[in-house]
Amino acid sequence: MANELETQLPSVRQVQDLIKAGSEVEVKLSTTDLLVGKLRWQDNYCLCLLDHYDQPTIIWKQAIVYVKPKS
Amino acid sequence: MANELETQLPSVRQVQDLIKAGSEVEVKLSTTDLLVGKLRWQDNYCLCLLDHYDQPTIIWKQAIVYVKPKS
Amino acid sequence: MANELETQLPSVRQVQDLIKAGSEVEVKLSTTDLLVGKLRWQDNYCLCLLDHYDQPTIIWKQAIVYVKPKS
Amino acid sequence: MANELETQLPSVRQVQDLIKAGSEVEVKLSTTDLLVGKLRWQDNYCLCLLDHYDQPTIIWKQAIVYVKPKS
Amino acid sequence: MANELETQLPSVRQVQDLIKAGSEVEVKLSTTDLLVGKLRWQDNYCLCLLDHYDQPTIIWKQAIVYVKPKS
Amino acid sequence: MANELETQLPSVRQVQDLIKAGSEVEVKLSTTDLLVGKLRWQDNYCLCLLDHYDQPTIIWKQAIVYVKPKS
């Protein structure tokens, strides 16, 4: 199906790995905001990030500049 | 049809859940504006947000950075 | 045809309703500009807004953040 | 062909009209720059604007916010 | 092939002309940076610009606002 | 497959060359951030950049303005 995740792509797989690892990541956004939290899921359009209170933020991939493990 | 909502996607479903719940959300936009209100509907291009006076704002999805339940 | 307006979509229809109503709207743009006027037409790429002197502005949809009735 | 101009669209036609009229237009860009000049041609990706010295600027449509007759 | 340059388009051809001419151009970017140099090649996604030390910069077309001959 | 890298494109190949060379590059982002490091891999959506501590940053191509060898 057209909207299935392309799980053979490195970028998709690495995000999946970050979801499974449950470790903290930094997500830089086009607005220059930097969100910190744990990734819970992704689909073709969005990533879901949980903050320190386990509150979900649905981030549109179109607005993502980079994702990196929290240093 | 090409323009039907892909309701099997988590991001689409979670927005649908937020619409049904009728609770307040924060919508961060590419202009860095943060709008607060209740989601009324979505299609492939837009979300509709009702402010405190029930006035609708048609938000283009292309401009959305993130959506989260109002904290 | 590929470039016909998808008039069954809520967002397209609501913009059509705003065109027919002829009432004033606010259009927020990615540059953070806020234009005020009456919508005259839309196609898949653009909206046309008439200012107070009936001068047309062709706005690219890609630059639209939101549209709302003027409060 | 896929890359032919969709000349039945109002936005494409109105830009064609502005090219034929040879009158001055203002082009607002995503960087917030406002360019003034005469439109010479368009294709699916770009507009060409001539400044007061008849020097051409190739503007990517992706960066256009709006086009309006110079007031 | 889908990723061949659409060389019949005016915008693609004019960039090819600027490459052949080897004259200096100004490239305005979405970050508001203005790069100056000579164009060396283009494909569907990128332009390559050589600076005064002949160092290449690979510019993503998605980030281009305009290209003009250096005045 | 639709999501295979188009390795015949100059831009894709030059990024591959930069990955193989293992030399430092500068990546300018839409947020105006400038990241410095070594490229490790690319796919259609992302580039992976290693910083001086070999920490990976997954950069979305949509946010890239330019890539150049570190001067």
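To keep things simple, chains are lettered A, B, C, D, E and F as they appear, and every chain counts its residues starting from 1.
The working rule: a residue touches a chain if its C-beta (ideal position, glycine included) is under 8 Å from a C-beta of that chain, and two chains touch if they have at least 3 such contacts.
Computed from a prediction, not measured in an experiment: that's the story for all the values here.
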**Request:** Quick one: how many steps at least from chain A to chain E, stepping chain to touching chain?
**Result:** 2
**Request:** Any chance you could name the chains that touch chain B and chain E both?
**Result:** none
**Request:** Between chain A and chain B, two touching copies, which fits better, same or different residues at the interface, with half of the numbers shared as the threshold?
**Result:** different
**Asked** Roughly how many whole angstrom separate the Cα centroids of chain B and chain C?
**Response** 19
**Asked** What whole-Å value do you get for the distance between chain A and chain C if each is reduced to the mean of its CA atoms?
**Response** 32
**Asked** Touching two or more other chains, which residues of chain F qualify?
**Response** 30, 62
**Prompt:** Among line, ring, star, complete and other, which one matches the pattern of chain touches?
**Reply:** ring
**Fill in**
Ring membership in sequence, chain A leading and chain B after it, reads A, B, C, D, E, F
**chain C to chain D touching residues, read off their complex** = 3, 29-31, 33, 35, 41, 43-46, 48, 53, 55-60, 62-63
**Request:** Over in the complex, which chain C residues touch chain B? Could you list them?
**Result:** 6, 8-12, 14-15, 28, 30, 32, 61-62, 64-69, 71
